[in-house]
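Below you'll find a set of structures to go through.
You will see two complexes here that share subunit A, one where it goes with subunit B and one where it goes with subunit C.
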Partner chain A sequence: MLKILLPSILLLPSTWLISPKYLWTTTLSYSLLIASASLMWLAAPAETGWSFLNCLMASDPVSTPLLVLTCWLLPLMILASQNHLMLEPTNRQRTFISLLISLQIFLILAFSATELIMFYIMFEATLIPTLIIITRWGNQMERLNAGTYFLFYTLAGSLPLLIALLLLQNSTGTLSFFTIPYLPLTCSDPWAHKIWWTACLLAFLVKMPLYGAHLWLPKAHVEPPIAGSMVLAAVLLKLGGYGMMRILIILDPISKELSYPFIILALWGVIMTGSICLRQTDLKALIAYSSVSHMGLVAAAILIQTPWAFTGALILMIAHGLTSSALFCLANTNYERTHSRTMLLARGLQTLLPLTAVWWFIATLANLALPPLPNLMGELMIITSLFKWSMWTLILTGLGTLITAGYSLYMFLTTQHGPIPNHLISINPPHSREHLLLTLHLLPLLLLILKPELLWGWSA
Partner chain B sequence: MLSRLSRLGLALPRSVSVLSTRFVSQSKADSAISSTAVTELYEPVNQSGHGEVSPFAKNPDFHGFSTNPEEDVRNMKMGFFLGISVALVIGGTFIHYLPDHGMRKWARREAERLILLREKDGLPLIEENYYDVSKIILPSSNED
Partner chain C sequence: MAPPIYSALIISLGLGTTMTFASTHWYLAWMGIEINTLAIIPLMSQNHTPRATEATTKYFFAQATASATLLFASISNAFLTGEWDILQTPNTLTSSLITLALAMKIGLAPLHSWMPEVMQGLSLLIGLILSTWQKLAPLYLIYQIQPTNSNIFITLGLLSIIVGGWGGFNQVQLRKILAYSSIAHLGWMILILSFSPPLALLTILIYLMMTFSLFSSFMLTRTTHINSLATTWAKIPILTISTPLVLLSLGGLPPLTGFMPKWLILQELTKQDLAPIATLAALSSLFSLYFYLRLSYAMTLTMPPNNPAGTLPWRLNTRHNTTMMSLTTTSTICLLPVTPAIMALLPF
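Moving on, here comes the complex of A and B:
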């Protein structure tokens, strides 16, 4: 565990000490080396579940894919930010890279935490670099509003969690993941028990986001620069999912009827946000609402707590992380050329930028869950386990899948097909950097088709 | 190479305006001569440093990393090598040769082998009881 954490921490002084000539090359190279080394977590030998143990950190089949995704994302963020930061003074570039690296450190600590308080502290700590990235480097005035919504929604959700965890610590004496599943939960008052249950989950439901508490997401995904959108969509939403998976083990079995409203809200959110996507004019907002839609499925799956649902949720989280991040990178390539997020302003790109159109095509197909990509595998497992839980969810999930396909194709057709608008007089071709960025997003997604058992989590 | 793709308006700033030319006569209708001369729909804009200059203008081999060509090429090579050859290829090979996690594949093969064996011998596929019944010691049923 320290093999990956210490190099990540030491990347921070490196960014400040390297001469500006080598800054981006070196940070990119070292973060890629760390990402390659992080693959060792997948070689977990232990049959007990927890591997790479020490007192404070461990990895298990649920956290390993998320840890690898986190480590993989840092070089991608560095690649994506290089262009728009080129004109800024060196110290500001260093600050930006330091924020990305500190996010990675907090996320590694969060996913590998063995104690709930450490997880909580790291969960909150990730808010700070993200807030700074959104409000300092965002491009529009709305970034301030976005930062406020993001910060306060998440904080308001997680303060009850802090109280709930402190209560739990008081009654059980420990909050370690190793022991807490085996400790009996005693609470005399049933109402207090219900409120405690809700308090535990609220933070993660807001983070996922659940449909009712999702208002921060479109703002927070649209305003930051590309690296901010990438890390938010790819990993930070999954912190919510991961937290929910961890904490539901502890909350069992009182949660049977309590979770029904949230499951239905999540599934309804799939359809509602999908429908909003069909009416979007802003490309980044479309991808942001698409994230809410996919995460709604994940939230519903985690709440029904069956093995297949957990597996499906985990697979969909990883696959959606890669896909959503790739779509944001593609939206950024548009934005850097036209300086606008409006979809209608950059149509017919297949003729102008055929190579980028290939990436658009693959990313769109991944988004609409084309077999044999892991996106479909995840969604299918979730849909089937929801169907077993209750027949009627099939109407909602089926309609959701249909609408997902609809808006993904709408996004693709609007940006790629059709006549080239008259005002596009000079569009630069895609850089090698952009091709590398999208390759590193989509090739792992395609490779995961070949070995999906990396993502299955606990189930055999 | 890129300078030939004038329809994308690259390489030469002047060629930005070439894109909007039409090979149709734009001369007035009463002109006796309707030439297929190239006249321009939009006047060439004199940018003189105020507009956005394409980085491909100065460096046709721009890779997207840096305006300095040497740094650009170096960054490109490091990125592609470490990203694809090391991370994806070597990492992928490592993942491919990982041992059977949780003995899942072994479990499937063992199950298939045992099923074939038992069907051949006509034995039941699996015992009804998970534990060996003779080893279970029950307390006596005397009233205490």
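Moving on, here comes the complex of A and C:
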């Protein structure tokens, strides 16, 4: 575990001491090296237990895919940010890269934490670098509002979580992931137990986000620069899912009835946000709402707690992370050329940028869950397990799949097909950097078709 | 101000608080507090502007009222129980009265109205002394009363956290914002005082460190208004990184040091079966976080090449001694991982 954490921490002094000429190439290659080294976590002994242990950190089949995704994402973020940061002074570039690296450090510590308070502190610690990326380097005035919404929605959900964890520690004496599943949990007052249950889950539901508490997400995904959107969509939302998976083990048996409203809200959110996507004009907002839609499915699956549901949720989280990040990178290629997020301004791109059209095609197909991509694997397992839980959910999930296909195709057809508009006089051809970025996103997604056992979590 | 007079006043400030610390008799404690008040009055009005005079007068009235109440309560206690010893204040009526008098001395809600207006009229250095040094003696006396009934402390604490947060919402003057932040942090201290006095000691020490750091940043750039914060990037660029982190630490965000007292206080409150009060206190501290965040927006997050929020000022003298400020700023940002060591040092 420290083999990956210490090099990540030491990337920080490297960023500040490298000469400006080699800053981007060195940070990119070092972070790619760390990412390849992190693949060793996938070779853990195939049991349901913990591996790579030390006193404070460990990895198990649920956290390993998320850890690898986190480490994989840092070189991609550095690659994506290079263009728009080139014109800034060197110290600002170093600060930006340091923020990305510190996010990676906090995320590694969060996903590998073995104790709930450590997880909580790292969960909250990811807020500060993300806030600074959104509000300092965003491009529109709305970014200040976005940062405020992001910070306060997450904190309002997570302060009750802190108190719930402290209460749990009082009654069980420990908060370690190793012992907590086996300790008896007694709470005398039924009302207090229900409020404690809600306090435990609220932070993660807001982070995922659940449909009713999702207002921070469109703002926070649209305003930051590309690296901020990538990390938010790919990893930070999954923190909520991961936390929910960990803590639901402790929360039985009242979860059976208390989770009903949240499951229904999540499924309803799939349809509602999907419908919003059908009428969006802003490309990044469309991808943001599509994130809410997919994470609604994940939230519902985690709340029903069956093995297939957990597996489907984990697969969908990883697949959606890669897909959503790829879509944001594609939206960024549009943004860098037209400096606008409006979809109609950059349409007909299949003729102008044919190679990028291939990436748009693959990413769109991944978003609408085409077989045999892992997105479909995850969605199908979730839909099946929800159907077993209650057959009426099939209406909601089936309709959701239909709407997802609808807006994904709408996005593809608007940006790629159709006549070239008259105002696109000269568009820069795609850079090799952009092709490399999208390859590094979509190639793992395609390779995961061949070995999905890496993502199956505890069912492996 | 002439150096002999200035040094006499500073020494009297130190003497007053030390007398209160060293006393076991209520008269001596009261005398120490009075010496403190009298010594700081000339310091407050030293630049003789009408605003400073107004602040001094308001401070004097508030403190005189509180001292008179304190004297009255301690004499009543001696009358009713025959005890002048501070540690032996068993009578509930008089100990509540003493608590309220001392609460007015330090500016806890609902006895806080004098605090923002007084702080606004002072220079930043004297404001720093007011928020840090002047709180020590009364807090020590409250600590020593060894209260049995915690209701009054919980009420004072919760009200102060809420008022400290809500009151600072609409402020643009930095000194008023610092006054409300002081009220909120004192609320956290009082909240835990009846349950775990060492935690209150930890909170005040960390608060002293964070406030010193923040006041020093403002003194370095001589800013007293949110608008002038926007010029910090042109004067001392490193402050644009450190001051937002200090502000977020004051707001209690992990992984910064300011999270440590809040975490430990919430832990103690849940151990005492006061989880709803803990939740209310935690959520109310989000109010103060809002205006700390607004200060960091003004300072850092709207820097060029985005549209700058202010015009560039004259840069005058450049010699600064930043030893203490760098020590306290580093501690404000990096001290959370040493929480176990700090908890081992305090007498728990």
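As a convention for this text, the second predicted complex is superposed on the first by the 456 of 460 C-alpha atoms of A that agree within 3 Å, B and C clash if a C-alpha of one lies under 4 Å from a C-alpha of the other, contacts with A are read in each partner's own complex, and residues count from 1 in each chain.
Definition applied: a residue touches a chain if its C-beta (ideal position, glycine included) is under 8 Å from a C-beta of that chain, and two chains touch if they have at least 3 such contacts.
This structure is a prediction, so every number in the text was calculated from the model and none was measured.
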Task: Go through the superposed model and pick first if A:Ile105 touches only subunit B, second if only subunit C, both, or neither.
output: neither
- prompt: Touching A:Ile128, do we find subunit B (first), subunit C (second), both, or neither?
  reply: second
Task: Determine, under the contact definition given at the top, whether A:Leu201 touches first (subunit B), second (subunit C), both, or neither.
output: neither
Query: Counting only touches as set out at the top, which of subunit B and subunit C does A:Leu33 meet: first, second, both, neither?
result: first
Field: Which of subunit B and subunit C A:Arg136 touches, first, second, both or neither
entry: second
- prompt: After lining up the shared chain so the two structures overlap, which partner does A:Leu167 touch, if you call subunit B first and subunit C second: first, second, both or neither?
  reply: second
Field: Partner chain(s) touched by A:Leu151 [first = subunit B, second = subunit C, both, neither]
entry: second
- prompt: In the superposed arrangement, does A:Leu265 touch subunit B (first), subunit C (second), both or neither?
  reply: neither
- prompt: Which partner, subunit B or subunit C, is in contact with more residues of subunit A?
  reply: B
Task: Indicate the residue numbers of subunit A shared between its subunit B interface and its subunit C interface, in ascending order.
output: none
Residue numbers on subunit C that touch subunit A, as the complex places them: 241, 244-245, 248, 253-256, 259, 263, 266-267, 270-271, 275, 278-279, 282-283, 286, 289-290, 293, 297, 300-303, 305, 336
Field: Interfacial residue positions of subunit B with respect to subunit A in the complex
entry: 2, 5, 8-10, 16, 19-20, 42, 54-56, 62-68, 71, 74-76, 78-80, 82-84, 86-88, 90-92, 94-96, 98-99, 101-104, 107
- prompt: Where on subunit A is subunit C touching in the complex?
  reply: 88, 95, 106, 120-122, 124-125, 127-128, 132, 135-136, 144, 147-148, 151-152, 155-156, 159-160, 162-163, 166-167, 169-170, 199
Task: Within their complex, state which residues of subunit A touch subunit B.
output: 21-22, 24-25, 28-29, 32-33, 35-36, 39-40, 42-45, 47, 72, 75, 79, 82-83, 86, 352, 425-429, 431-434, 436, 439-440, 443-444, 447, 450-451, 453-454, 460
